[in-house]
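First chain A sits with chain B, and in the next complex the same chain sits with chain C.
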Partner chain A sequence: MAKDVKPTRKNLMAIDDRIDLSERGHGTLEKKRDGLIMEFMDILDKAQDVRGELSDDYEEAQKKINMARAMEGDVAVRGAAAALEEHPEITTEAKNIMGVVVPQIESSRVSKSLDQRGYGVLGTSARIDEAAEAYEDLLESIILAAEVETAMKKMLREIETTKRRVNALEFKLLPELYENKEYIEQKLEEQEREEIFRLKKIKEKKEQEEKQEEQATDEETESDEAVEQATAGGVPGGD
Partner chain B sequence: MSAGASNPEYVNARVRARRAALFSDEDYRKLIRMGPSEIARFMEETEYEREINALGTRFSGVDLIEYALNRNLAKHFDDLLDWSKGQTYDLIARYLRKFDVWNVKTIIRGIYTDTPAEEIQTDLIRAGELEDALLDRMVEADEIEDVVEMLDGTIFYDGLVDAYEEYEESGMLVPLENALDREFYENLLEDLGRPQEGPRAMYVEFLEAEIDFRNARNALRLARTGADLDPAEFYIEGGVLFTQSELSRLVNDYDELVSHIADSRRYGDRLSTALNQLREAESLIEFEHALDAALLEYADRLSSIYPVSISAVLSYILAKEREVENIRAIARGREVGLSENEIEDELVIL
Partner chain C sequence: MSQEIAVVGSPEFTTGFRLAGVRRFENVPDAEKDETLDDAVTDVLDDDGVGIVVMHDDDLEYLSRNVRQNVETSVEPVVVTIGSGTGGGGLREQIKRAIGIDLMEEDNE
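Showing the complex of A and B:
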């Protein structure tokens, strides 16, 4: 990975910025993850309670309907159920828990009074009332369980996502960025050293050339002087 | 209504043979230990044989038992109406109209929920006074209004016409069902007066108990529900336990309501155990159970005081109904996995 990065100062600065951002992001996400886990634990406790209640309500409702079917007869219970006109309704709204949108379910017309269940009151019995009431309670519990368990699942999914992001930052992105930074720094240092060395060489070469030039000049001067001296002493036999 | 002289002696003689054929405690003890299919087989060897065989191809399990029981009950009660004449017929028919109420309710519920006519037919118990042909025509009706019109000339018509307006406004069956029950209960004592002695007095006392117990059940249900309902709407005239104003007052005070029933000279002792339980327990079921037992005991006592009166016939009607309810309770109870003790607790056996 590090080989793909151009070892330039600009890239180094960009990587520094990214490291800074990633570290801040990592910290924030860690806090979010911890916060979500705490919220999740609360919801989990609630969900366990709701599940327990749901299970109890289901057992109770089954017992009541079984008793009603046994004592009043299946036909009577079916008839009473058929008389129901107003069916329960639910509406959902969104609620935000640490950035996670969870549903808030509002129910209406679940629990009914004696005259709202549709069947005549004068000729029916408490067994049917109690079976109807037990099923209304069960339905309330199911709606509550749906709300809590959906919230729990969404929170769990968000915790997983956040955890993956934290881990990706901690074990992948940040190490890579540090590696790239180190690579670029090393490269830049190397380049600097090479530059210094190159400059040194150039300087040496220049100095050498200068020296050679100087030497050559000296030699020329000397030879000129010799010529002059020779010329001034006359050439024997030349006068 | 059947014409001619009253014939309670003849009906009683026929009823005595039928009564002897009712299941004994020993039979119930056997049934409690059986599964639904064994119960059906056991019934095949008793007087339910014809119904079990006739319905065996269409139904199975507990449904077979329940429909066979209903059909057998209808046959027996229909026989009672066939045998009786004059005033005996009138006195029996006014009690058996509870099955007319059942049938009309079943039909209007069926129409209300678009149930196929065949299914509605299956749920009818043809033990009342309404003719089979009329019931068949009502089952085929498309609208509840048509059913109301077909009942013109019966005791239910006026009440249903008024209730139909309410039904049209609210869209709920409650007013129609309440009107049917009210007409039934309030016609139980119609033209009977308040005789002081003799079998007629006992018969009236029994019907008053039936109304009082119904009022007591409904008052307790209303008191428990806590909903803002007008108690006057649920009051049935004819009993001696409550006046309308008493009932309206007592519905708001549960403890006083229970005390009022306990203080009643006629029923206080008979229901004392159930009333004590009622003060403690949340459920009304035990109390209803006690009321059923008390009513059965009442009728049984009446039949032993005047063995050839209409009371003995009434006692048989209650005993037969109770037999059907007990067998159904055992079969359904076994089907849904209730224990033998739980089922035994629910049975009302004299």
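Showing the complex of A and C:
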């Protein structure tokens, strides 16, 4: 609050410096926020496409596995699922978008050939193979969606933080600093006016004193002269 | 460091993913979801070896408030929900909060 600051020139200069710094910071953060939002828009477009593909792949995979279940029975499908030997793995690399580190996910061993799957080819039918293939495609889409959604979440967090900082500077810190500056300036002006008034008063008082002194001196001289005249007039008549 | 993909959900949901080679899975039958889904999801989220968690959209309804919030905001591992097509659970809310506009609604229309 404005009342907490001492109205001194030193504080005024310090506040001026802080206003300068805050305004520069505010401008930079605003640019960062706008840049992040633009980058986010690009990612959002990509995310919408990925989501669409993901839904299609999921529907397709559901159809295929339902068909396999209907034709082969649930036990056969579960048996084949339990026999898988190759497992998909993901590795993450970092990518920097305007200071936000977003992951780039690389996958391996997601799509497998028939002999890599591990369940016996003779004991299972083509329906299970088709279902497995559909789910492998679905996993690829999920990995892509995970990459895009992680990037989105991280960027949203950064946008929110930046926005909060910009708002704090714009609506809290800067108005407070301006208020303090105005308060100090007004106080200093008031002090200056008081000082001038005081000097005037002192000057008037001094002048009055000088005048009184002068008057007193004049009166004294006059009375001295009168005494002198009186004494001079009295001597001749003494004989 | 290489990580795995994990699936959490009913046995019908996880079987397909196991067919694609996913070995980290938590089977939670529909009848037990209210009681055990929270623990299953927390276990998977706490596992450092897991990079992506796959869940069904409808299963989010069974989660307690805290776990659901963790699922929606978790980045490592990231949770991908599938099923209803909108995806992202709390992502839409997060976008509304951060950007100030419901961009997903605009795009869906």
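Throughout what follows, the second predicted complex is superposed on the first by the 228 of 239 C-alpha atoms of A that agree within 3 Å, B and C clash if a C-alpha of one lies under 4 Å from a C-alpha of the other, contacts with A are read in each partner's own complex, and residues count from 1 in each chain.
As a working rule, a residue touches a chain if its C-beta (ideal position, glycine included) is under 8 Å from a C-beta of that chain, and two chains touch if they have at least 3 such contacts.
If you're wondering where the values come from, they're calculated on a predicted model, not measured in any experiment.
Because the two structures share chain A, they can be overlaid on it, and in that overlay chain B and chain C fit beside each other without clashing. Once the two structures are superposed, chain B and chain C can be ranked by residues of chain A touched, with C on top. By the touch criterion stated above, A:K153 is placed in contact with chain C alone, chain B being left untouched.
Judged by the touch definition given at the top, the superposed model places A:G27 against neither chain B nor chain C.
Residue contacts after overlaying the shared chain place A:A82 against chain B and chain C alike.
Looking at the shared chain after the overlay, A:E136 reaches chain C, while chain B stays out of its contact range.
Of the two partner chains, chain B is the only one that A:M71 touches; chain C does not reach it. By the touch criterion stated above, A:A145 is placed in contact with chain C alone, chain B being left untouched.
In the superposition on chain A, contact of A:F40 is made with chain C only, not with chain B.
Shared-chain residue A:P175: touches no atom of chain B or chain C.
With chain A fitted onto itself, chain B and chain C come no nearer than 10 Å, counting C-alpha atoms only.
When both complexes are aligned on chain A by C-alpha atoms, chain A residues 62, 78, 82, 86 touch chain B in the first and chain C in the second.
On the chain C side of its complex with chain A, the touching residues are 1-5, 11, 15-23, 51-52, 54, 73, 75, 78, 80, 82-83, 85-88, 91, 94-95, 97-99, 103, 107. On the side of chain A, the complex with chain C involves touching residues 37, 40, 44, 47-48, 51, 54-55, 58, 61-62, 65, 77-78, 80-82, 84, 86-92, 105, 108-110, 112, 117, 128, 131-132, 134-136, 138-139, 142-143, 145-146, 149-150, 152-154, 156-157, 159-160, 163.
Residues of chain B that touch chain A in their complex: 62-63, 66, 70, 101, 105-106, 109-110, 112-113, 115, 123, 171-174, 176-178, 180-182, 184-185, 214, 217-218, 220-222, 225-229, 234, 236, 283-285, 287-288, 325, 328-329, 332-333, 336-338, 343, 346. Taken in their complex, chain A has these residues touching chain B: 62, 66-67, 69-71, 73-75, 78-79, 82-83, 85-86, 113-116, 118-123, 125-127, 129-130.
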